[in-house]
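Here come two complexes built around chain A, the first alongside chain B, the second alongside chain C.
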Partner chain A sequence: MWIEVGHFAAILALVLSVTQMVAPMVGIRTGQLAWIRVGRYSAFAVFGLLTIASATLIHAFMTHDFSVTYVAQNSSLKLPTFYLATAMWGGHEGSLLLWAWLMSFFIAVAAWKHWKTHSVSMPWVLMILGGVTLGFLCLVLLLSSPFERLLMIPPDGRDLNPLLQDPGMVFHPPFLYLGYVGFAVPYAFAMAALITGQAKDEWILATRRWTLFAWTMLTTGIVFGAYWAYYELGWGGYWAWDPVENASFMPWLTGTAFLHSIMVQERRQMFKVWNLFLIITTFSLSLLGTFLVRSGVLSSVHAFATDPGRGMYILGFMAVMLLFSFGILVWRSEALKADNRMDAVVCRESTFLFNNLFLLVGAITVLLGTLYPLALEAFAGAKVTVGPPYFNKVFIPVMLGLLLLMGMGPLISWRRAAQGQLKKNFVIPAILAVVGIPIALFLGIDHPYAIVTVMLIMFVGSSHFIDFKRGVHSRMQSGSSNPFSAIWRMVGRNKRRYGGLTVHIGILVMCAGFIGSGMFQEVQTVIMQPGDKVKLSGWELTLDRYHKVRKDNWTATEAVIIAVREDGHSVTATPQKRKYDNHEMETTEASIFSYFWEDLYVVLGDRIPGRGWAIKAYRNPLIGWVWYGSFIIALGAIVALFQGRRLKKTQEAN
Partner chain B sequence: MRHLLQWSMCVLALLVVTPVMAQEAEPAKQGTVKAEDPRESLVRKIASELRCAVCQSQSVYDSNSGLAKDMLKVVRDKVHAGEQEDDIRRYFLERYGDYIYMEPVMNSRNMALWAGPFAALLFGAFGLWFAIRNWYNPNTKSASKADKNSDEATSGDMKSRIQKELDSIDM
Partner chain C sequence: MKGDYKERMRKKKLMLIATLVLVGGALLTLVFQSFTGAMVYFHTPTEMVEKSTDLVGKKVRIGGMVQAGTLKRKEGTLEISFDVTDGETMIPVYYKGVTPDLFREGQGVVVEGEWESKTLFTAHTILAKHSEDYMPVEMSEEAISKSRENILKSLQ
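Let's look at the complex of A and B:
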């Protein structure tokens, strides 16, 4: 019964999203505020109704209501409770509902928070976001309804995809969706600003935190995905340039470009059309991501469903959105001419422009690599594989250029950089970058890209350090008694700037992790019987025994391996090969021990009759740094998010 | 237990079959120190640059599918037979076409793929350079004068005033 309530709530939400679109328009036509208010309350109601709809779906999972097709397909009686609740987004239908629900939540928050402050844009914001909700709800209800019932009720469900029965997968999609959906709000404000033609920079100030929040969520979501791939897929790596990974990476790249270039608009009222272009691109790439993942165009681990109808629908939806957005942008671009001119060629504005160029070319590269095989197959009938070696060769040099700019940006002042100052700023970082070459060679790095990366890590690290030190120094001179209070005050007063620089440091830490894990991974693949030993640089692994393990809905063969490090530190690794009751596929459960400098990663392979089992043991140096780096990034982003309304005051003062 | 054993026999298990180990495996000796076959790294290199023909964007080395395991065995046998890396790669090319390589071949068909990003970068950089030069307005003499002043006036008083102003601005 409950699922019908949910279904009905979702249908009502669809109807109300139409109201949310239409009522504000009527309000603008007739000049009556009441109509706009109707739109606002519809937005709240849509959120409430979709909350009910999602709750009933989770309820159906919790109560094992296998008469619901989606529940029968994605859960079973033995599925642990934790995964029962999160199985709601374990499949196509439910994850789209999650998308729509998160979206409605954001819309409700935007309608509530910006109602008074952005009264001019609000009707348009409501209209546009109502349209996006409508698009998604049509997809949920007409083409992939999670509320459908089965006529023949099965005694047990088909169980959740084993790869998704993992904590990493529980957090990966919601964070990613929060990122995707979060870009919808700045997008709507941008479009509203374009349409009304009034609010020139208002939309950027209004949505600064939205953008930063969406970016943070997207970053976290991508990292969760990488972490999941690292410890669930059992291949020792974390990023494979899988089309679905690429799909989430593209909006990240353009979103990062947007985050940087809006700073120029805030300070210098430049690049207005460019910023609009970037936010439209970012949001449409989020939609493209959904299309690629959900249409089954690229089938991969993530694409559970193959249904061209859905693909066509999302493609159509995207086409409407792109035509609408870019149409208005072209129509209005005359009104958006920059007020300011550049005062110099070398200035922070230029570095931001080039930052945007590199990020955009990066996004183009990923897009090209992802879509090229599809295009070639569709138009030339030929097949081609674009795998990691391509991206490593093409994408990495582009990102190295970006890294260089990252080091230069903070040292170049706004408006114009004085020549003398410039030279003084760059001497030390440049020397340190050169020192990076022997360091890299000493560490045994021989790949040119990696050597350049080490140089750039030195360069960017030192330039950020110098910037930081200079700030503290001048504050010490102007009154602060001790360096800590100086740092505290400096960061507190400029949360955004220092939050941003912290993010940069996080990126550097990640880069170190990329080099370490990418270039110095060591593997031993051996067949072992109990008692056998294998050496892996600094570790000695002894196989103790094999045994069977039975838990919840799976049975596994587990190897018990004692690993002893040179210094006597000892751990017991228990890699498993799991067979889930209702699935043919076996999953590998790697046994991972993380340390500051390295990870020990043991995977149980196949059984070789009469000779034992294949064991793969990896030593992954610095891989933890990828995750530490992402923590630092999240930390920096949170610091920057705390920058409150001061921005507005200074804007008014100016 | 039995059932599982049989099942895993079926899936089997072509991974890591090396002659070296075959010799020492027969009487399951206790406590042997095992080491990877030195040729395995070449196998790994070749197999991770070949695409598993039935998977999506997974290499032969990383995939768990039956076909990938067969292909891996072919690679391993050939390496152990002493064939050259290029010959092994060509062997797969002849059977599957260049689709089998994880790295797209640099030929005229794939020009757009290889040259596209760099062309975009070059084009964009030139475009930006000219745009910036175009926007650059050398008539703002006042700004440069102000700069000179600030260069000279580095006395503490001035510095603290600048810092105070900096505090009130967000960067």
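Let's look at the complex of A and C:
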């Protein structure tokens, strides 16, 4: 019964999203505020109704209602309770509903928060977001309904895909979706600004926090995905340039470009058309991400559904959106002439310009590598893949360029950098960068790219330190003698700037992690019987025994391996080969021990009749730094998020 | 004096555009250069045999099914050999290493590696869901349905 309530609520939400679209238009036409208000209340109602719809679906999972097709396909009686609720987004249908629900939540928040402050844009924002919701709800209800019933009720469900029975699945998709959907609000404000002709800076100020929030969520989602791949997929790596990973990486790249270039618009009133272009692109790529992953066009780890109808629908949806958005942008771009011009080649504006160039080339690289094989298959029938070698080859230089700019940015002034000042600012970072060469060689790093990365880490680190120190110094001179209170006040006054610089430091830490794990990973593959030993630089692994383990809805063969490090520290690794009751496939459960400098990663491979099992042991140096770096990034982003609109006002006052 | 300033600005602007074009161009060249070098083509066993002379020594992917009864392991080692079939042609494959979870006889498989001679394919990687890379499911499905068609044809 409940699922019908949910289904009905979703249908009602669809109807109301039409109201949300149309009513504000009528309001603008007739000049009656009441109609616009109707649109606003529809937005709240859509959120309420979709909350009911999602709740009934979760309820169906919790009560094992296998008469619901989606539940029967993605759950079973033995599925642990923890995964019952989260199985809601384990499959295609439910995750689209989750998307729509998050979207309606954001719309409701935007309609509530910006109603008074942005009364001119609001009707258009409601209309555009209503349109996007409508598009999504049509997809949910017409082509992939999670509310469908089965005529024959099975006694037990097909169970959740074993790969998804993991805490990673609980966090990874919602965070990614929060990121994807979060870009919808800035997108809508940008479009509203274009339509109303008020494409000044207002939309950027209104949506700066939204953008930052979406970016933070997307970053967290991507890192969660990487971490999940690291411990669940059993191959010791975290990023494979899988088309599905690329799908979330593309909006991240353009979103990062957008976050930087809006600063130029705020400070110097330039890059206006460019910023609109970037946000439209970012939101389109978010939709493309959904399209790639959820249409079944890509067959990969993540694509569980194959249905060309959905693919065509999302493609059509995207085509409409792109034509509409870019059409209006072209039509209106005349009104968006920049108020200022670039005064010099060397200035902070141009570092942002190059930053955008690099990030965009990065996005094009990923787009090409992801879509070209699809296009070739569709039009020429040939099947190709462009694997990691391509992406690595292009991406590392792009990343190095970005690092260089990252180091230069904070020390170059706006408008025009005086040469004397430049020399003074960059002497120390440049010297430290050169010192990076012997350090890299001493650490045993011999690949040219890796050496350059070490140099750039030194360069960026020192330039950020100098910038920070200078700020503290000037604060201390102007009164507060206590360095800690000076730091506190400085960061507090300018959360956005120092939050941003913290994000940069997080990226440096991540880069160190990339080098360490990428260049110094060690692997040993051996067939082991009880008593056998294997050495792995600094570790000695001894196989104790194999035994069977039974839990919840799976059985496993487990190896018990004693690993002893040179300094006497010892751990017991228990990698498993799991077989889930309702599935044919086996899954590999790695046993991982994380330390500050390295991870010990042990996997159980094939059974070798008569000789035991193949054991694969990895030593992954610095891999933890990738995750620590992401913490620092999140921290910096949160600090920056705390800054409201005050910065702008203080600048105007100055 | 003012005209001089304008002239200088114009020059600087040109320089900026020139640098942008240069850096952008260099990056895009890098993209396309690497792209053509990194493409790996995918073939069915039949295509492999048809184009065998062209493909010797090149990195390719073969998709098909692991022929039942052909999977053999060199005793006590990680070395295995098996035949990949599309229902028409069988290609013997040699592989050393740990196989992915989904790999077994009768299952669809994609192997990446090299034709060393025209008789033996040495696989560097076996791709299946949940391994280093994704397995293009529809490719193996296609191969399986093709082999079914062939069996039906031969029955008629």
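Criterion: the second predicted complex is superposed on the first by the 647 of 654 C-alpha atoms of A that agree within 3 Å, B and C clash if a C-alpha of one lies under 4 Å from a C-alpha of the other, contacts with A are read in each partner's own complex, and residues count from 1 in each chain.
As a convention for this text, contacts are C-beta pairs under 8 Å (C-beta built on N, C-alpha and C of every residue); 3 or more make two chains touch, one makes a residue touch a chain.
Predicted model, so just to flag it, every value in this text is computed and none were measured.
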item	value
Fit-or-clash call for chain B and chain C when the two complexes are aligned on chain A	clash
Contacts of A:Met62 with chain B and chain C, given as first, second, both or neither	neither
Which of chain B and chain C A:Val5 touches, first, second, both or neither	neither
Partner chain in contact with A:Ile428 - chain B first, chain C second, else both or neither	neither
Partner chain(s) touched by A:Lys533 [first = chain B, second = chain C, both, neither]	first
First, second, both or neither for A:Ser350, with chain B first and chain C second	both
First (chain B), second (chain C), both or neither touched by A:Leu163	second
First, second, both or neither for A:Gly610, with chain B first and chain C second	both
Chain B versus chain C as contact partner of A:Ala240, first or second or both or neither	both
Winner by number of chain A residues touched, once chain B and chain C are compared	B
Chain B and chain C contact sites that coincide on chain A, given as residue numbers	235, 237, 240, 242-243, 298-301, 341-345, 350, 353-354, 357-358, 361, 364-365, 368-369, 372, 382-387, 389-390, 393-394, 398, 401, 525, 527, 586, 588, 605-606, 608-611, 614
Touching residues (chain side chain B, partner chain A) in the complex	1, 4-5, 7-9, 11-17, 21-22, 25, 28-36, 40, 44, 49, 51, 56-59, 62, 64, 97-104, 109-110, 112-114, 116-118, 120-121, 124-125, 128, 131-133, 135-137, 140, 143-144, 147, 151, 156, 159-160, 163-164, 167-171
Residue numbers on chain C that touch chain A, as the complex places them	9, 12-13, 15-16, 19-20, 23-24, 27-28, 30-31, 34-35, 37-42, 61, 73, 75-78, 97-99, 101-102, 129-139
Contacting residues of chain A [partner chain C, same complex]	163, 233-235, 237, 240, 242-244, 298-301, 306, 341-345, 350, 353-354, 357-358, 361, 364-365, 368-369, 372, 382-387, 389-390, 393-394, 397-398, 401, 525, 527, 577, 585-588, 603, 605-606, 608-611, 614, 616
Chain B-facing residues of chain A, complex	235, 237, 240-243, 263, 267, 298-301, 338, 341-345, 350, 353-354, 357-358, 360-361, 364-365, 368-369, 372, 376, 380, 382-390, 393-395, 398, 401, 414-416, 418, 420-421, 474-475, 477-479, 493-494, 496-497, 523-535, 548, 555, 557, 579, 586, 588, 605-612, 614, 643, 646-647, 650, 653
